[in-house]
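Starting off with a structure, shown below.
As written, the chain order gives the labels A, B, C and D, with residue 1 at the start of each chain.
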Amino acid sequence: MSKTAPHVTPVPTQWVGPIEITGNMVEGRIEVPLATYETPLWPSTARGAGVSRHAGGIRCTLVDERMTRSIVLRAQDAANAHAAWQQIEARRDEIAAVVASTSRFARLVGLNRQIVGNLLYIRLECATGDASGHNMVTKAADAVIPWLLREFPQLEYGSISGNYCTDKKPSAVNGILGRGKYVVAEIEIPRRLLARMLRTTPEKMVQLNLEKNLIGGTIAGSLRSANAHFANMLLAFYLATGQDAANIIEGSQGFVHCEAREDSLYFSCTLPNLIVGSVGNGKGNPQVDEHLARIGCAEPRAPGDNARRLAGLCAATVLCGELSLMAAQTNPGELMRAHLELERG
Amino acid sequence: MSKTAPHVTPVPTQWVGPIEITGNMVEGRIEVPLATYETPLWPSTARGAGVSRHAGGIRCTLVDERMTRSIVLRAQDAANAHAAWQQIEARRDEIAAVVASTSRFARLVGLNRQIVGNLLYIRLECATGDASGHNMVTKAADAVIPWLLREFPQLEYGSISGNYCTDKKPSAVNGILGRGKYVVAEIEIPRRLLARMLRTTPEKMVQLNLEKNLIGGTIAGSLRSANAHFANMLLAFYLATGQDAANIIEGSQGFVHCEAREDSLYFSCTLPNLIVGSVGNGKGNPQVDEHLARIGCAEPRAPGDNARRLAGLCAATVLCGELSLMAAQTNPGELMRAHLELERG
Amino acid sequence: MSKTAPHVTPVPTQWVGPIEITGNMVEGRIEVPLATYETPLWPSTARGAGVSRHAGGIRCTLVDERMTRSIVLRAQDAANAHAAWQQIEARRDEIAAVVASTSRFARLVGLNRQIVGNLLYIRLECATGDASGHNMVTKAADAVIPWLLREFPQLEYGSISGNYCTDKKPSAVNGILGRGKYVVAEIEIPRRLLARMLRTTPEKMVQLNLEKNLIGGTIAGSLRSANAHFANMLLAFYLATGQDAANIIEGSQGFVHCEAREDSLYFSCTLPNLIVGSVGNGKGNPQVDEHLARIGCAEPRAPGDNARRLAGLCAATVLCGELSLMAAQTNPGELMRAHLELERG
Amino acid sequence: MSKTAPHVTPVPTQWVGPIEITGNMVEGRIEVPLATYETPLWPSTARGAGVSRHAGGIRCTLVDERMTRSIVLRAQDAANAHAAWQQIEARRDEIAAVVASTSRFARLVGLNRQIVGNLLYIRLECATGDASGHNMVTKAADAVIPWLLREFPQLEYGSISGNYCTDKKPSAVNGILGRGKYVVAEIEIPRRLLARMLRTTPEKMVQLNLEKNLIGGTIAGSLRSANAHFANMLLAFYLATGQDAANIIEGSQGFVHCEAREDSLYFSCTLPNLIVGSVGNGKGNPQVDEHLARIGCAEPRAPGDNARRLAGLCAATVLCGELSLMAAQTNPGELMRAHLELERG
């Protein structure tokens, strides 16, 4: 490695909001920090935040949470792999004890397997307190492997990570079995407000979501993904709050669902794989810590509560940015005009 | 938007290398800057860089390059959509002229379509000089749409982006039709060097790639992706060089392919969607500019050459980090031990 | 192999329709044969056919056609693979001549590549007259390989089929680059007719398509697929007309798109990978030949016309069955009731 | 519907084998019937069967079994959908009772959910005895829906099938959560036998599987699929034994995994979604019943045992055909030569 001392790359950051939020994760009017080189993201997200304040807030609902690591082990054949798995499943409590021994916070919440020929993939799923939990599950896996090899001599080491986890690669498994926080953010926007603040209608938004996010995504060969640009807001929020931003990959696999109701637009962003932590790598950075403190995610709370609050704020931020961009795209020429004005301005 | 002035989020950054590189994109021994909260990435990538210097270098080959935007238009029915498309294709030169009129650098290099019922999706593919080109293709699309609506009154506006582009979402289309730079980085490592520097063997690496990246990825329901952690290196390199790092999503969709040869390991990383630019958003930031200057990507060169050099450096960096992590995973316990030492150290 | 003489498995078959069809593939009122063990498919498809006759017909539009085979070749490294590819592309006319020499009907219409490390995958795309063309492209590939190995000694044989074709496996490549006939079938159904014949409304159909085919498919991790049961109609039509029915796999990857218009439902089925032939394996079977003759696909026509007619009939049949099942699912309990009534007889 | 009486389409059928099989599903030397228009499949599969008899048999292991149906329900918002789901999960026993009331054989074995905005998808997973179980789970779902709507008035009917099942469409959910029988078939073939009977080597087979099935499949944008032609054998076996052959779509999503061992080739076919039944639609057909009787799947056995035997036979057949085709593809020109000889012969 170079002898040069570490330095920093300064990423432009702005407070955006406040966003009005309700639900079971976070309540109130809160500004969020967004760190990005794509600075038009700030006014765009701010526009969505403005809508949140006039429409009674964005409701965020936590549906699930877990962090995962999959190991791969080799048997002589499938019969042996399957026999081993059946016993492993039956001895889940013992594995849970091994997991629990590696950290104050790690707790086994799920165990899944795949068998391919003689290969046995085991996916460990853990609650990880306020941490996003990557290191915690790796440490747990690192303890479970020798235990398994000792108890099941017919198995041999394949890898501590067998990509059935899966970390930072697009996949279906993370959405189906869960990885990170599964959050739905939703809002109901009166038609008149939508016209005034976003220059669009419920019908145009529904049609755009259908033709662009759902059908367009389908023909692109997208995988469990139907949105315009979740990734942009995730990246900016992750960087500002000291997250491992490479997890925007699974984070980007989420869905917009909207409906034209009586006299309003129902608009939701579902994020099945929001991976955030209020402690861990990236924290300790004074600027990051200041951000976390100001959004109320560094309070003395029950383990996990700060991380859940963080996830709620993140999901609401995603909704603000998604709503704004989609509204702009319903009108020919608006997206480019807005960009040019921002660059001039 | 909040009245607070923009500030910065400082992301820890380290020079790593030098990496030895050959091929048609960049030549020499060059250090690269990596900005990340996951600081164990530095020594890990540096380990791979060390191998590059002892094994005759990493060869980087540019296979293709283009940036894309897809629009969606509506016809009355499929017959009309198809008839319109046939004429559009025949009048490609006129569309190329519209594209060329929007920028000094944008040049139409491909045109693809999908028809779903009465919907016509057109994917504009452009060369974009030294820019990654997102804004350039949006601007081009913004000019092409009114031209199309004027020439084909049977079509109406759907969206300036129909997700068949596709931007920052996992997809198959980007790898198959191309988006960004398509780069292969490869190296041949003598068996003894592999043992000494990475404590592994060609056979163990080949087996791990098979069982983890290929089979593990397959059962995870991954999409055009077979690697361990391309995303980590991409994120760190993108942040340090002022890229729109949300493009790590398509960037992460790449492949490790390796072979045990006579007395060596052939190891390659294929990155079909490396999206980088040496000009554009993110640049102008003094620290970023210093990074770009030091890696030689701010020289007066023919348009596109600085961006290609940047892509070569990025691909080589990905290979270094991928090689190192995979080697660690071939040995039980090594990954966690390394992490703990780094955290202690 | 067993010494037993071949015998036959009789699959129950029924004529269904007539379906009314318009467009550029086939015109008229035509009955179609459906061979299936799932006999409730007959009345269900017949219900859709009835709608076609009252709503002015199903319009079928051919968007594209080709059959493909991908070979894989090995080079020393990516630089060599890429250099070879560039020359291969430049010498496309020579490859076209090799292809043309293998059959009266095979004609090269496209050439695509992927490079992964040192591996070069080449996808040959051919017009194949009235045949579905599997054997024709295999024969073409079998001639192209020795030519390539002779002209490019730096390449060695990998496989005559490298799965980038791809045959009978779900993929994205077939829909994006094309394989088989790309057909859109569509119909516009007045609201009153929809209520009377299918007991549903445009709004209910649009909502079901959104919630089931598009969103449901997305969360299932489907790939380029948004439909209810294209596969059922494809299987029955393929068996009755002597097709290689394993191609229902790519055939099943298609899309329903519908819209509630003024006072009607616009309903379309897009089938990007309809693989059918009016000659080749499966034909010569007297019952199959009788079916083909009766649907007018054994006429003396220009090469390809019988196959296109067959594809149009098939797409219209898919629409009939899809429309009927979807309508049933909009009403709680209707699907099961219909099944029970049919079974009671 | 046409007034014409039903008739039959005769599909050419041949007994192939015997295949030697061991494991927990079926034991012995058994011939299998294959109904197909692609008659070269017979000698090809027979070649694999011959290997099975000389190499100690194909071992088949059952890993899991279930049949599924997913319903979709609508709530006002995600908070309500999630609250309902939590209660539904807690009242699983009551749902199991509703399921059990609909059939002698249906038994609830799993319950999964996805929430997208205000939409709640519930995947019912059932044991279904000797039936493949499509109708059984539909009937179960048809009973569960009114129960749910009564107990949870905040929910309304969306669809009896929400495509999270998913039936006859390529998906990731079926492989990850299970649908049909999950079977691994495997064999170990001595090097000399491989050379003599299949003219190939362990190393060539491993390389082909890597370059074609795994890497080729990956770049094709395949989904949970790495094989050459599982679909062909599945189709022929399904037709001959009266299965709903449209289920070859999920069936085709399986994996070849092989290893070059000491002096042999380990070769396995993993089929996570083998959907077969020894009773139900398609049965009652005298020819089908004769086939089922002759392969021993119409015996008086404990419920489910005949279906499991059938699945084991099917998986072994798939292995025979896959092994033979892959071996042929390792040798340049062999595939085409074999085809031509068969057609001449």
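Remarks
Note that in this section a contact is a pair of C-beta atoms (placed from the backbone, for glycine too) under 8 Å apart; a residue touches a chain by one contact, two chains touch by 3 or more.
Bear in mind that the values here come from a model prediction, so they are computed numbers and not experimental data.
Looking at B-D and C-D side by side, the one with more C-beta contacts is C-D. Between subunit A and subunit B, two chains of identical sequence, the interface residue sets overlap for the most part, with shared numbers making up over half of the total. Mean C-alpha position of subunit A lies 34 Å from that of subunit D.
Centre-to-centre separation of subunit C and subunit D, using mean CA positions: 22 Å.
Centre-to-centre separation between subunit B and subunit D, using Cα means, comes to 37 Å. Touching of two or more other chains is recorded for residues 114, 116, 119, 172-173, 175-176, 215, 217, 219, 221, 223-225, 255, 257 of subunit C. Every residue of subunit C that touches subunit A in the complex is listed here, in rising order: 172, 175-176, 210, 214-215, 217-219, 221, 223-226, 255, 257.
Residues 23-24, 59, 61, 63, 77-79, 82, 114-119, 172-173, 175-177, 182, 184, 186, 221, 223-224, 255, 257-259, 266, 268, 270, 272 of subunit D are the ones that touch subunit A when the two sit in their complex.
Remark: subunit B residues 1-2, 4, 6-18, 31, 33, 35, 37-39, 42-43, 46, 49, 70, 72, 74, 114, 116, 119, 121, 135, 138-139, 142, 145-146, 157-174, 176, 208, 211-213, 215-217, 219-223, 225, 227-229, 231-232, 234-235, 239-240, 242-246, 248-249, 252-253, 281-282, 285, 287-288, 291, 329-330, 332-333, 335-336, 339 touch subunit A in the complex.
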